[in-house]
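In the two complexes that follow, chain A is the common piece, with chain B as its partner first and chain C second.
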Partner chain A sequence: MTVAQIVFILLTIVGLGAAFLVVTTRNLFHAALYLIASFFAVSGFYVLLEAGFFAAAQFLVYIGAISILFIFATMLTRTVRGMVPRNSQWQAALFIAVVLFIAMVAMFSPISFSLPIRPDRTFGGVEWQFAEIPGKPGVLRSVPDSSILDFGRALADLNQYGIALLLSGVLLLIGMIGAIWVARERKPREILAERARMAAEEAAEAARQSVGAKIPDVVVAHDSHH
Partner chain B sequence: MLNGIPLYWYLIVAAAMFCIGLYGALARTNAIAVLMGVELMLNAVNINLLAFWRYLTPESPAGLAFAAFVFIVAAAEAAVGLALIISVYRNMNSIDPEKLDLMKL
Partner chain C sequence: MDIINNLVKNLGDGIAAGIYGALGQGIAADILIMVIAAIAVFAVASGGFAGLTYAERKIVARIQDRVGPNQAGPYGILQPIADAVKLFTKEDTTPAEADFWVYHLAPIIVAVFATLTFTVVPFAPGVVGTNLNIGAFYIIAIGSASTIAILMAGWGSNNKYSLLGAFRTVAQLVGYEVPMLLNMLPVIMLTGSMSLVDIIERQAGWNGSWGLPFIVILPLSGLAFLISGIAETGRSPFDLLEAESEIVAGFHVEYSGMKFGLIMMGEYMNALGVAVMFSVLFLGGYAGPILPPYLWLVLKAFGVFLVLMWLRGTLPRVRIDQLLNMNWKFFVPLSVVNLILVMILGKVFVSDPALFKANGGILIQPLAQALIMGASSFALLMIALAIVTRRVRKDRMAEAAILLQRRETNQQIAASVH
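After this line comes the complex of A and B, so read on.
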C-alpha cells in the first residue's frame, strides 16, 4: 500500500464521516463545523489529484467564505438547537439515496457484458482511455507545468471560456445584489405602508370586479329600509 | 494508476458524498441544513470533474474550467439561498421547509 493510498483512505474516512454527521446532527452549528471538516477532506482530494489551484480555491471559497455564510445564517435565524433531525419523509429519502448509491457503484464497478473484465478502466460499459505514457500501462502522464497558465488563458480567451467567465461575473454580481435586496432589513413603517398599499389595490380590484353587482345591492338595501 | 489510486476510488467516494448530500437535502427539517446537503452534492460533482480531468485529459484545461464554473455557481447559490432563508425567517419565524406552504392552493 502506497502512502497516497493511505492518505486517500484517511481523507475518505474524514470526508464521508463528517458529511454523514452534517446530515444527522441535531445542532445546526455543529453541522456547519462538520461541513468545514468535509470541505477540508475534499481539498485533500484535490491535492492528491494534483490540482493545487483548486485545493487553494476550496480553502478560500468554501472554507473561508461559504462556511462563514452558513455560520452567520445559523446564528441570525436562532435555530441552532433542538432541531428535529429528520422530517416525515426521511425513510423515502434514505431509500432513494441508498438505491442511487448502489446504482452508481454498480455502474463504476468493472463488470461489463460487452467488454472483457479489466479492473481500473472499464466502467459504465465504456473502456476509458487513460492518459497513459505509451508503453507503460498504468502510469499516467504528468500534468504539464503550464497547466494553470493554459487554464488562465483558456478562461480569458473569448473563443474558449471568455464569454462564460464574463457571464459568471455577471451571475455573481446579480447574486450579490439580489442577496442584499432580499435579506435587507425593512423598517416596520415601510412594511405597514406596503401592506396598506396592497390592501388598497385589492379593494380597488374587488370594487372593479363587482361594479355590476353593486347597484341591485343598493336597491335591496333601500327597499328593506322602507 | 496515479500513485496507486485507481480512478474508480474517487468515483465511489464522490458517489457516496453525493448520496449523503441528497439524503440531507431531502430529509432535513431546516432550510440551512438542506443547503448544506446541496453544498455536499456540489463538492462531490467537483471531485468527479477533477478526477476525470487528471486521469483522462491532464493536458486540457477543460476539466479545470468546468470545476471553476461549479465553484462560481456554488458561491452564488449559497449567497442567494441564505439571503432567502433569512428573509423567510424574518417573515414567518420558521425555516422548516415543511411549514413553508404559503404558495399552496
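After this line comes the complex of A and C, so read on.
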C-alpha cells in the first residue's frame, strides 16, 4: 500500500464520518462544523488527484464562503441545541438519496479502486514539481499546471462551456441586484406601511388559530368551487 | 559573495544530503526532511511573531510619546520571553457553558492556518517550502479559514460580546476578501502565473538586466491590496473584531493563558503574512541589489510592517458602516475598473515579441509599457480619490445640516417649556 492510498483511506473516513455526523448530530452549529470537515476532505481528494487549483477553489468557495453563510444563519436561529434532526419529509428525502446513490454507482461501475496517480509521481519523489530556470542555477520554477490552462480555455470557448459561464454570470448578477433591492434604504413611509401590513397579517393569523381548524377547511372548499 | 547569497539554500541542501547519506533514499528520509523543513518554516514565522510583538510595542510607544516595555533586559528586549512565561503559567480557564470542543479547537485552527501561509513564500532563490503553481490563490484560500476559526471562538465562548465580535468578523473579513483577490489579479495577469517564485522573477527581469517592482507598474492595485490586507487581518484602524472600548475584547474575551497566546500569534502571523505577501507581489520579494536575497525579503517585509505599526499608532478606529461602505461602494468597483483597464492596456501595448506575433497590438519596449500602465493606474487612482472626496464632503455637509436643525428644534422646545 502506498502513502497516497493511506491518505486516500484517511480522507474517505474523515469525509464520510463527518458527512454522517452532519445529518445525525442534534446541534445545528456542530452540524455546520462537521460539514466543513467534510468539505475539507473533498478538497484533500482534489490534492490527491493533482488538481491543486480545484482544491484551493473548493476550499475558498465551500469552506470560506458557503459554510460561513450556514454558520451565520445558524447563529441567528433561536433553537440551536436539542433539535430533532428529522421532519415529516424524511421518507421522501431517503427515497431520493437512495435513487441518486444507485444512479451514481451505476454511472461509475465497474467500481475501480485504483487511484489515478501516475507511478512516477509518488510521495517519495520530491523533485517532481520543479524545473530550473535556464541561466539561473538554483532558481526553481513551477511547471505550469496544464489543467488550469485547459480549464480556462474550456470556460472561454463558446463551443464548450462559454454559454454556461455566461448564464451563471447572469444568474449571479440577478442575485446581486435582488440582494441590493432587499437591503435597500427604505423611506419612513414605506417602513410604516410595511409594519402595518405585517401587523394585519399577524392579527389575521392569530384570529385563524384561535377560531380553530374548521374555518380554513371551509375556505379551501369554497375556493375549490371556482 | 555566492557563499553568502546562497547561505540558506546551501544549509538546507547540506542537511538534506546528510539525511539521505544516513538513511538512504526513501520515504523515511523524505518524511524526516519534510518535518525539518516544516519546523524551519514554523520557526521563521514564530520568531517573526516574537520579534514583531516587541518591535510593535516599542515603536507604537515611541509614536504615542511613551516608553514601552523597558523592564525585562536592556531596553526591555527580553519582553517576548517574559510574556511567553507569563502566558504559560496563567490559569487556563474555560467558561462553564462553553461549547467544549469548539472553544478549545478555535485557537489551534487560528494559529495553524496563519502558519500555513508561509509554506509557499519564497525567502530566497531555491528557499521555498513548496513552489505551488497556484501559490497566490492558495494564500487567499487558506486565509479564508481564519474566519471560520474566529466564528468558532466567538460561538464556543458562549458570551454575547464574543458573539458580537464574531458577527462583525463575517461582514468585515468576507467583504475584504473580494478587493484583495481583485487586486492580486492584475499582478497574476502581467506575470502569467500564480506561482510566487514566477511573480518575483517577472519583477526581477522586467527590463532585461534590472527589475521593476509591480508597485511602480500597478500603484492602484498595490495600495488597495495593502488596505484590504490590513482590513483582512483585523488590525487597527480596522480592529472592529476586538474593539476593546465597545465589545470588551471581541471574540477572544473568554480566552486566557496560552490559548489567548495562540490567538495573538495567529493574528500577528496573519499581519506578517500580509506584509510578506505585499513585498512579494508588489515590491519584488527577494530580488534586490548588493545585499543577499533573504535579507532583502526580511527588510521589505519589515518596512511594510512598519507602515502597519504607523497606522496602528496614529489612526482612530473606523465605524462598521464606514468600513462596509468603503469596501462595497469604493474598493470593489474601483478594483473592477482597474482590472478592466489593465486587461485593455495589456492587450493593446505588448512588450513580448512572441505575444505580439500571436495576438497583435502595438509592440513597445517593456519600460514604456510599464510607464503607460503606471501612469494610467495612477490617473485612475487620482480620479477615484477626487470623486470620493467630493462625495464624502457632500455627505458630511448634509449630516451637519441635519444635526444643526435638530439642535435648533431642541432649543426651541426648551425655550417653549421654560
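One rule holds for everything that comes next: the second predicted complex is superposed on the first by the 116 of 226 C-alpha atoms of A that agree within 3 Å, B and C clash if a C-alpha of one lies under 4 Å from a C-alpha of the other, contacts with A are read in each partner's own complex, and residues count from 1 in each chain.
Definition applied: contacts are C-beta pairs under 8 Å (C-beta built on N, C-alpha and C of every residue); 3 or more make two chains touch, one makes a residue touch a chain.
Everything numeric in this text was worked out from a predicted model, so none of it was measured.
Contacts of A:G178 after superposition on the shared chain: chain B is touched, whereas chain C is not.
The wider contact with chain A, measured as residues touched, comes from B rather than the other of chain B and chain C. In the superposed model, A:T12 makes contact with chain B only, not with chain C.
Looking at the shared chain after the overlay, A:A65 reaches both chain B and chain C. Put simply, chain A uses residues 3, 53, 57, 65, 72, 123, 129-130, 138, 140-144 to touch chain B in one complex and chain C in the other. Residue ranges of chain A in contact with chain B, taken from their complex: 1-5, 8, 12, 15-16, 19-20, 22-23, 28, 31-32, 35, 38-39, 42, 45-46, 48-51, 53-54, 57, 61-62, 65-66, 69-70, 72-74, 76-77, 79, 83-90, 92-94, 96-98, 100-101, 104-105, 108-110, 119-121, 123, 128-131, 138, 140-144, 147, 150-151, 153-155, 160-161, 164, 168, 171-172, 174-176, 178-180, 182-183. Contact residues on chain A toward chain C in their complex (touch as defined above): 3, 29-30, 33, 36, 52-53, 56-57, 59-60, 63-65, 67-68, 71-72, 75, 123-124, 126, 129-130, 133, 136, 138-145, 148. For chain C in complex with chain A, the residues that touch the partner chain are 6, 9, 25-27, 30, 33, 99, 102, 125-126, 128, 130-135, 137-138, 140-142, 144-145, 147-148, 151-152, 155, 163, 166-167, 170, 174, 177, 193, 195, 197-198, 201. Taken together, the chain B residues at the contact with chain A in this complex read 1-13, 15-24, 26-30, 32-33, 35-37, 39-40, 43, 46-47, 50-51, 53-59, 61-62, 64-65, 67-69, 71-80, 82-87, 89, 95, 97-98.
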